[in-house]
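Please go over the structures that come below.
The same chain A turns up in both complexes below, where it pairs with chain B and then with chain C.
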Partner chain A sequence: MVLTLQTKDGGIWFKPADLVEGRASWHIDYGEEVDSIELRLFWYTSGKGSQDVGIVRVLRDDSPDPSGHRDFSIRAPEGPYSFSGKLITLSWAIELVALPSGETERLDLRIGPQPVEVDIA
Partner chain B sequence: MKISVNTSSESRPGCAGKGFGTIFFGVFFLMGSLFTILIVGEAWKQLAPWFWSKTDCTILSSGVLHTSDPQRPYRALISFRYQADGRSRESDQLFRGDKGTSSYDRARDIAERYPEGSSFSCRVSPNHPSHAVLEGRIPWIVLVVFFPLIFVAIGGAGLWATWRGDSSNEDGGVESISQSAASGRGHKFMIGFGLLFVAVGGAAFVWITLMPSVRLATSMMWTATPCTVVDSTLRSWSTDDGTSYRADVLYEYQAGGRSWRSNRIDFFSILNSGRTRGRSILDEYPDGASATCWVDPRNPSRSVLERRLGPRHLLTLIPLLFVLAGWAVTKHGWKKMRSLQAAEQHPPEDVEAIEGSLLLEPQVGPVGKLGGSLFFALFWNGIVSVFVFQAWKGWQSGSPDWFLTIFLIPFVLVGLFAIGLVGYSLLAIANPRPRLTLTPARPRLGEELMLEWSFVGRARRLASVRIFLEGREEAIYQRGTDTITEREVFATFDLVNTENDWEIPRGTAELLIPADTMHSFQADSNKIIWEIKVEGEIENWPDVDENIPIDIRPMRIGSTQWS
Partner chain C sequence: MSAVVVSRHRPANNPFASHRVEGLAFRFKGIGPEALRRRLDDLGGRAAIVGPEGSGKTTLLEELARTLPGQSVWVRLGAGCHRPWHTARTQLPSPVSTKHTVLIDGAEQLGHLGWHRFLFATRRAGRLVTTLHRSGRLPTLIECRPDHHLLRALVEELAPTEAPHLAPDLDDLFRRRNGNIRLCLRDLFDLFAGRSKPIFDPKSG
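For the complex of A and B:
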């Protein structure tokens, strides 16, 4: 299976309320079982603390063609900003996940007022 | 929506970890399975007579047998005769697995249900005609199977988590970070676990608290009747945790034209266990003592020795804690489940900043701090004092236990510190209390906030005051069985820092919150916390020290970016 994620113009920085636009493509090999394809916009933490994950938007295609693509457009939320501290790093990403196998393609994003993550370290 | 997961994609166990995980969770799984099989086997044993053939039987004798089992000292002994396999046979099995009861009343009631010479139908095993019982019983023991099943589930889930890494990602592909959160498995488990707590706690509450309370209320209509203690014994038996004790007072009374016996001391029998409580009951009701018992005039077989309620009865409310804890876990899981569903249906909604003013309240006030320190001091010193008493007894008897004495020193020092903390908190109650008003109530990054302060109480005692805004990271993680919280301050902004008498009592401060910092953020294990801190120095007295969290929102959308 081949999963591909691409944002419009290849950008990965989005200000709050910007539209995160792009295209999700897939090619399902013969014999592979795929019930649905999900696109998830979420944040996740890394660092010292146990990992927290917050999914803010899910788009689902319940009957995907063996080979196809879908354009997506999701408004970036007000927060939390992508940031990095001494204990916590918060990152944003979109994932394209084939279910039930869980095969995944991920694209890391930055959401915040500036192109770089907020640095509080 | 914030969802916590315990493992990150990078934290797969290595070989040693897998070995340890397999043994650890394997023991859980095997022991749980073993107990599940034993319980199901016992339940089936009790259920089997329902499928046996029915036949007529005649009661030969009926009475209460005093057994040698201290846990179940009474048994309804009912002998009966029946015909099976072409011959006359006898049995005294009331039901399969009958081992007796701790309640004389229960054994007596059963015995009186089967008077001598009467005829009933009994159940005979088709394979073993010598096995016959008078009653088929509902195998309630099957309900206990949920406990070992929890071990089976934990063991099974642990084994799966230990080994799943082998099969996934064999092609080196990307592993989903969002999958565990999106599946909602953790939330479903949380809801199921919480509901199990509610069910078990609720059942225990009904059995331990509600039913005895209703019986106690009903007994207020019962009649005072003279009774005599015929046997007063402290029964004891070995358990995994040592020896268990229960007072057993068998008494006799006259009612309804005949003599009755009972061993019901009060309706909360669960509180009559323990050596000390048992001894005090026996002291009150020794062999041959005359007492007053309370008898139901409508059914003289029902009686009780005591109808008093005391502080110890509050212990029967403990199951409610399980219900509340279970409910809280269920509610938390449900809330997270709903937010996950919402992510599929709606785009995220931004939280509006509140433009009005907000009177800030400290999370824990001076009375709360006193309560907390008092609770800790009592709890800590209560436990330590038991060991200190043992050490002191050794010194008194002339054979001091040096190891115990030296071992106790740090614990006693902590106890003394806790007592000192109580005194400190008590004095701090008399401190002037800050009164802070924040405008706007939920300020945004890059915007100005205004803080008005004043003090309730004698502000003149304050030699200096510092009020500042502090931002910190807070990360929670597990190390072994410990939950560790680490904090790191990343920003401090002074609002006021003065020693001027005329500035201290009241004033206003303004602050432009920098745009290039992080707004408030709350997840289960990771947080960005902003707090207004008030530090006031009082000479020769505990200082004022208050922390009040505030919510700083992200920048206004469309506002000027960082400079």
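For the complex of A and C:
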């Protein structure tokens, strides 16, 4: 299975409430079971301690063709901005997930007023 | 002890970030996963992984679970669990049957009565494996005894470039943390995060 994700123009920085536009593509090999394909916009933390994650938008395609693509347009959230402190980094990402196998392709985004993540360390 | 200086890493790129530490495989010494599984069967399918805090018991339990047949049922009781028996019971299927392999992490949270209730509730489980700080509640499957060689090996895996610079201090860190590998790795996270780290301060301790 091949899953690919790309944003329009390849950009990864989006201001709050911007439209995140791009294309999700997939190729399902013969014999692989795929009931649906999901595109998720989510945040996650990494660093010290347990990781947290929150999914804020989901676009779902049931019974996808073996090979296909879908152009997407998702409104970027107002917040929180992408940031790094001393203990955790909060990152935004979109991922393309094939279900039920859970095979995933992820593209990290940066959401905030500036093109660099907020440094609160 | 030498003063260790490393450049500050953002948390997501810290070599000792939790998602990297949790991805470490258990380092088997003297006995492999298959031999361990056979030993569990020899013990009647009920046994304990024994070791002090931060010695890799949970990591081993997770790896062992992958080699065991049957449907895994995880019961996780964190330190300071308010109502451990109630918490454990809500994580068990009803009824527990021979197709289930019950894995309980943090069984010492259950008191004497809670433990016996738990044993009764899981009496029909195909297998029951627990982690414990001390032996006694179930036959000991294996004892986890971390040493400074293990800490060095894990640091080399997580931070291969910096490991040679850290090596002189790791034995001392291991000793100060009483062999708790988890705490050692958290201290190393702090060091790489640029947080003040008395454990690496030659004047401390």
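General observations
Basically, the second predicted complex is superposed on the first by the 121 of 121 C-alpha atoms of A that agree within 3 Å, B and C clash if a C-alpha of one lies under 4 Å from a C-alpha of the other, contacts with A are read in each partner's own complex, and residues count from 1 in each chain.
Keep this in mind: a residue touches a chain if its C-beta (ideal position, glycine included) is under 8 Å from a C-beta of that chain, and two chains touch if they have at least 3 such contacts.
Owing to the predicted nature of the structure, the values given are computational and were not obtained by experimental measurement.
When the two complexes are overlaid on their common chain A, residue A:Asp52 makes contact with chain B while staying clear of chain C. In the superposition on chain A, A:Val97 makes contact with chain B only, while chain C stays out of contact range. In the superposition on chain A, contact is made by A:Ile88 with both chain B and chain C. Once the two structures are superposed, chain B and chain C can be ranked by residues of chain A touched, with B on top.
In the superposed pair of complexes, A:Arg60 makes contact with chain B only, with no contact to chain C.
Shared-chain residue A:Ala121: touches chain B and chain C both. Comparing which residues of chain A touch chain B with which touch chain C, the overlap comprises 46-51, 85-88, 121. On chain B, the positions that touch chain A within their shared complex are 1-8, 168, 173-182, 340, 343-344, 347-348, 350-351, 471, 473-478, 486-488, 490-491, 515-519, 521, 523-526, 528, 553-555, 557-558, 561-562.
Only residues 8, 10-14, 17-19, 186, 189-190, 193-195 of chain C touch chain A when the two sit together in their complex. The touching residues of chain A, when paired with chain C in their complex, are 46-51, 84-89, 91, 121. The touching residues of chain A, counted against chain B in their complex, run 15-17, 38, 40, 42, 44-58, 60, 74-75, 77-81, 83, 85-88, 90, 93, 95, 97, 102-106, 113-114, 118, 120-121.
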